[in-house]
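One chain, chain A, links the two complexes that follow: it is found with chain B in the first and with chain C in the second.
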Partner chain A sequence: MGDSQYSFSLTTFSPSGKLVQIEHALTAVGSGQTSLGIKAANGVVIATEKKLPSILVDETSVQKIQCLTPNIGVVYSGMGPDFRVLVRKSRKQAEQYHRLYKEPIPVTQLVRETAAVMQEFTQSGGVRPFGVSLLVAGYDDNGPQLYQVDPSGSYFSWKASAMGKNVSNAKTFLEKRFEGQISGKNIEIGIIGTDKKFRVLTPAEIDDYLAEVE
Partner chain B sequence: MSRGSGGGYDRHITIFSPEGRLFQVEYAFKAVKAAGITSIGVRGKDSVCVVTQKKVPDKLLDQTSVTHLFPITKFLGLLATGMTADARTLVQQARNEAADFRFKYGYEMPVDVLSKWIADKSQVYTQHAYMRPLGVVAMVLGIDEEKGPQLYKCDPAGHFYGHKATSAGSKEQEAINFLEKKMKNDPAFTYEETVQAAISALQSVLQEDFKATEIEVGVVKADNPVFRVLSTEEIDEHLTAISERD
Partner chain C sequence: MSIFEYNGSALVAMVGKNCFAIASDRRLGVQLQTIATDFQRIFKIHDRLFLGLSGLATDAQTLYQRLVFRHKLYQLREERDIKPETFANLVSALLYEKRFGPYFCQPVIAGLGVEDKPFICTMDSIGAKELAKDFVVAGTASESLYGACESMFKENMEPEELFETVSQALLSSVDRDCLSGWGGHVYVVTPTEVKERILKGRMD
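And then the complex of A and B:
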C-alpha cells in the first residue's frame, strides 16, 4: 500500500505527540450525519439519518447502510465515498476468509481486518486517513455484536453507540421530530436477529414501527 | 504546542484541514464553476434529457469539435461539465470500462454501475496525494432494464446520486432551485415535456433565449434506448414549441 511517488507518510507526529491528520479526520466524522447502533439481548439495530442535498435526488438510489456478509451489516458517519471503499475491501476480505476456512467470517475478525486497513492509510506513503467512523453490527456464534471503528483504526465493542453530529443528543434521535416527520423515507434502519441474517428494513416496515411507537 | 494546520500543505494536496475538510476537493468544485457553463438534466417518465450551453470562444474554431456531450456506449451518454481536458480523459476511461464490462459479463453496463465506477475513481484521487481530483462533474444517462430511465450525477468528491432532475456548472444553485419547484409534485413528464423542461430551465436561469446552435441536447428514450445527440433542426423544433407555449 502506498504510492511510489510519495515514499513518506503524510500523517506525522506533531511536537506534542499527536497525529493531527487523524484528529482532522475525526472532525470530518463529527460533522457528518448522525448514526447510531444498539445491541439488544437477541439482536442488533443500526440506524442513520438520510438527509439528501435536494428533493431532486432520487432517494432509492442512495443506501447508506450496507451488508458486508449475510450476517454482518455496517453504517457510517462522515464521507460517503470513503465508506464505499471500505465496504468493498471488507466484503472482499470476508469472501477470502470464507474461501479459505469454508465458514462465515466471525464479526471480530472482519472488524479487525477493516480496522487494519484504516490504520494502513494513517501510516502509508502518499495517502490520507479515511474520513469515516463505522458501526459494524453482526450476529455470529458469539451472539449479537456491535463495534465502532474510527479513522485511526482503533475499534471497541459497544452496547450502544452514536457518531456524527449531535452525538450527545443522539439518544433522543429516534424520538426527535425534525422538519415535519420522521418517516421511512428519511431514515434507514438495519437489523440482525437470532436468524443471523442482516437486512435493511423497507420504508414500509419503518413506517409500521414508527406507527407502533406513537 | 501542536501545529495548527497540515504545515500549509492541506491546500495543495488532498489531506485533511483542521476543520476536517479537503481543500483540493473544494477547489475542484470551483474549477467546475469557473468553466462558465451551466448544464441541466431532467428525468421523465420514460426518457432522460440533458442540456448544456455550447460556447464556441473563437469563430475560427470548428464548432463540431466543441462538445461536452459524449456517448460512452450506444446506450449510455455522459455530459461533462467543467475542465474539457479532464472531461476527455474521464470519457476515454469510461468508454474503456464500459466496453470491458460488456465483454466480461455479456450484458450492457447499467447506468448506476458506470456512475459508481466513475465516483470510486474520483474517490481515489481524493485520498491519494499523487493525483489531483478531476475538475469535472459528470451526468450519466441511460435506460435501465429494470428501473427505467436513470440520471446520475458524479462529482469530484466521489459522491454519486440518482436524480429526478439536477444541474451542474456556474448557475448550478439557481437551476436546482428552479427545478425543485418544477418537480415538486413528482410530475411524470413525457418525452416532449422532459426536453422542454430542461431547455426552458436553462433559458430561465441564464435569462436568455437560445438559438439552436448555442445549446447541446442529449436524450435517451425507453422505446428506443439509444443515446442520441439532437440535431440543430430538432432543437429548433423544441425551442419553437417552448416560445409558442409561453
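And then the complex of A and C:
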C-alpha cells in the first residue's frame, strides 16, 4: 500500500489522505493505560488506571491526574512525559488569560488553545506529534464540561468517554449504563442571505426543516 | 502645554439605580483653535458597555479601534459579550503594554455587569485602575467636574434624575474650562434601553 511510503514524514499527506504519523500517535495512545470521564448534571468525574512497572516504585510520586486551574483538571492516556509538557503549556496559557482578563479561563477556551498547541506539532518541521490523548474536565459558568483532545489537535465534548487500552469495552459499558440521551444531529447547516449576516441554524430549526421534508 | 491638553476633553460617568450615565463634551480643538463641535468621545462596545476616551484625540481613536478589534474576536471566540470588569482589565493590560511610549488617553469605562449592577471605572494613561461606586471623571475639565459631581451626586437616582444631574455637572464644569465645551453628549443606559441625548450649553 502506498501509505507506508509516506509514514516517515509528518508533514506529508499519504495518497489516501491521511497523515500516517498521527495514526501512529493514536496507536500509541491506544496502547496506553485506560482512562475515562463521565459528566453528570452537577459535576464531572475523571479516572485512570495507575499500574506501575514494579511494586518498588514509590506510587506517591506518580500523579497522572493534574490540575490546570483551580476549576479544570486533566487526565491522559499515552506517553507520560508528553503529558507533562502539555500540562505545563496549558497552565501557562490559563495564567496568561487570567493576567489579561482577571477572569478564570473558560473550559472551552483552554481546550481550544491546548488543541492548537497539539496541532502545531503536526504541521511543523523537525517535531513529532504528542503521544497522548487528554480528557479535560472542568466546571465554569457554562456548567460541567468534559472534553477529549487528540494528538491531531481535534477536540470533542463528551457526556462520557474512555481512552487507552480496552476502550471499546469501556465505551460499550458507558453507552449501556449512561442515563443521558445519546442522540444528536449529525448535520450542521449555516446560512447567509441578503442581510449579509452568516449564522448557524440551531438543532431545533434543523429539526423543523427535516420534518417538512418528510 | 501638556500633550493631554492639546485637544481638550471632558468626560464623566455616574452610577444610578440599576443604570448608569456617561457624558462628554463635543469640542475638538488644536490648542486654542476649535476644529469641530461634534466630536465623538464616547463609544459603544456592546449594548451594556460604553467606553469614553479623553486626552489626545488621535490616540483615543486608535485605542478605540484596537479595543473594538479585541472585543469582536472575544465575542467570536467566547460566544458572549465581555463583562465590564473584564473589559476594564483588558484596557489596563493594553495600556501598560505601552508603558514606555504610552497612549496619551485617559479612559472612562461604564457598563452593566452581572444582575444589571452598574460598573464604572477610570484609569490613567498607563493603566492604573480607579474603581468608584459613585462617579468618575476625566479630561481637561476634570477638576471642575470633581467639584460639581461631589456636590450634585445622590445615591440610587432614577434614570431621568441621573440624566439631569450628569448634564448639570457636565455643563457647569466645562464652562470653567476653555478647552472643552460646545455642548454635551449624554448616554443613559438601563437594562432595557440606551437613551442618547445632545445638550446645548454655552457654545464657546
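In the analysis below, the second predicted complex is superposed on the first by the 159 of 214 C-alpha atoms of A that agree within 3 Å, B and C clash if a C-alpha of one lies under 4 Å from a C-alpha of the other, contacts with A are read in each partner's own complex, and residues count from 1 in each chain.
We take it that contacts are C-beta pairs under 8 Å (C-beta built on N, C-alpha and C of every residue); 3 or more make two chains touch, one makes a residue touch a chain.
Small disclaimer: the values here were computed from a predicted structure and weren't measured.
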{"item": "Combined model on chain A where chain B meets chain C, clash or fit", "value": "fit"}
{"item": "Touched partner set for A:Ile189, first chain B, second chain C, both or neither", "value": "neither"}
{"item": "First, second, both or neither for A:Arg99, with chain B first and chain C second", "value": "second"}
{"item": "Which superposed partner A:Pro15 touches (first chain B, second chain C, both, neither)", "value": "first"}
{"item": "First (chain B), second (chain C), both or neither touched by A:Ile55", "value": "first"}
{"item": "Greater residue coverage of chain A in the superposed arrangement, chain B or chain C", "value": "B"}
{"item": "Chain B versus chain C as contact partner of A:His24, first or second or both or neither", "value": "first"}
{"item": "Touched partner set for A:Phe121, first chain B, second chain C, both or neither", "value": "first"}
{"item": "Chain B versus chain C as contact partner of A:Val107, first or second or both or neither", "value": "neither"}
{"item": "Overlay on shared chain A, then closest C-alpha pair between chain B and chain C (Å)", "value": "26"}
{"item": "Residues on chain A lying within both footprints (that of chain B and that of chain C)", "value": "none"}
{"item": "For the chain C and chain A complex, residues of the former touching the latter", "value": "77-78, 83, 85-86, 89-90, 93"}
{"item": "Chain C-facing residues of chain A, complex", "value": "99-103, 106, 108-109, 112"}
{"item": "Touching residues on chain B, where the partner in the complex is chain A", "value": "1-3, 6, 9, 13-22, 43, 112, 116, 119-120, 122-123, 126-130, 152, 157-159, 161-166, 176, 179-180, 183-184"}
{"item": "Of chain A, residues touching chain B in the complex", "value": "3, 5-6, 10-11, 14-16, 18, 20-21, 24-31, 52-58, 60-62, 79-82, 84-85, 88, 121, 126-131"}
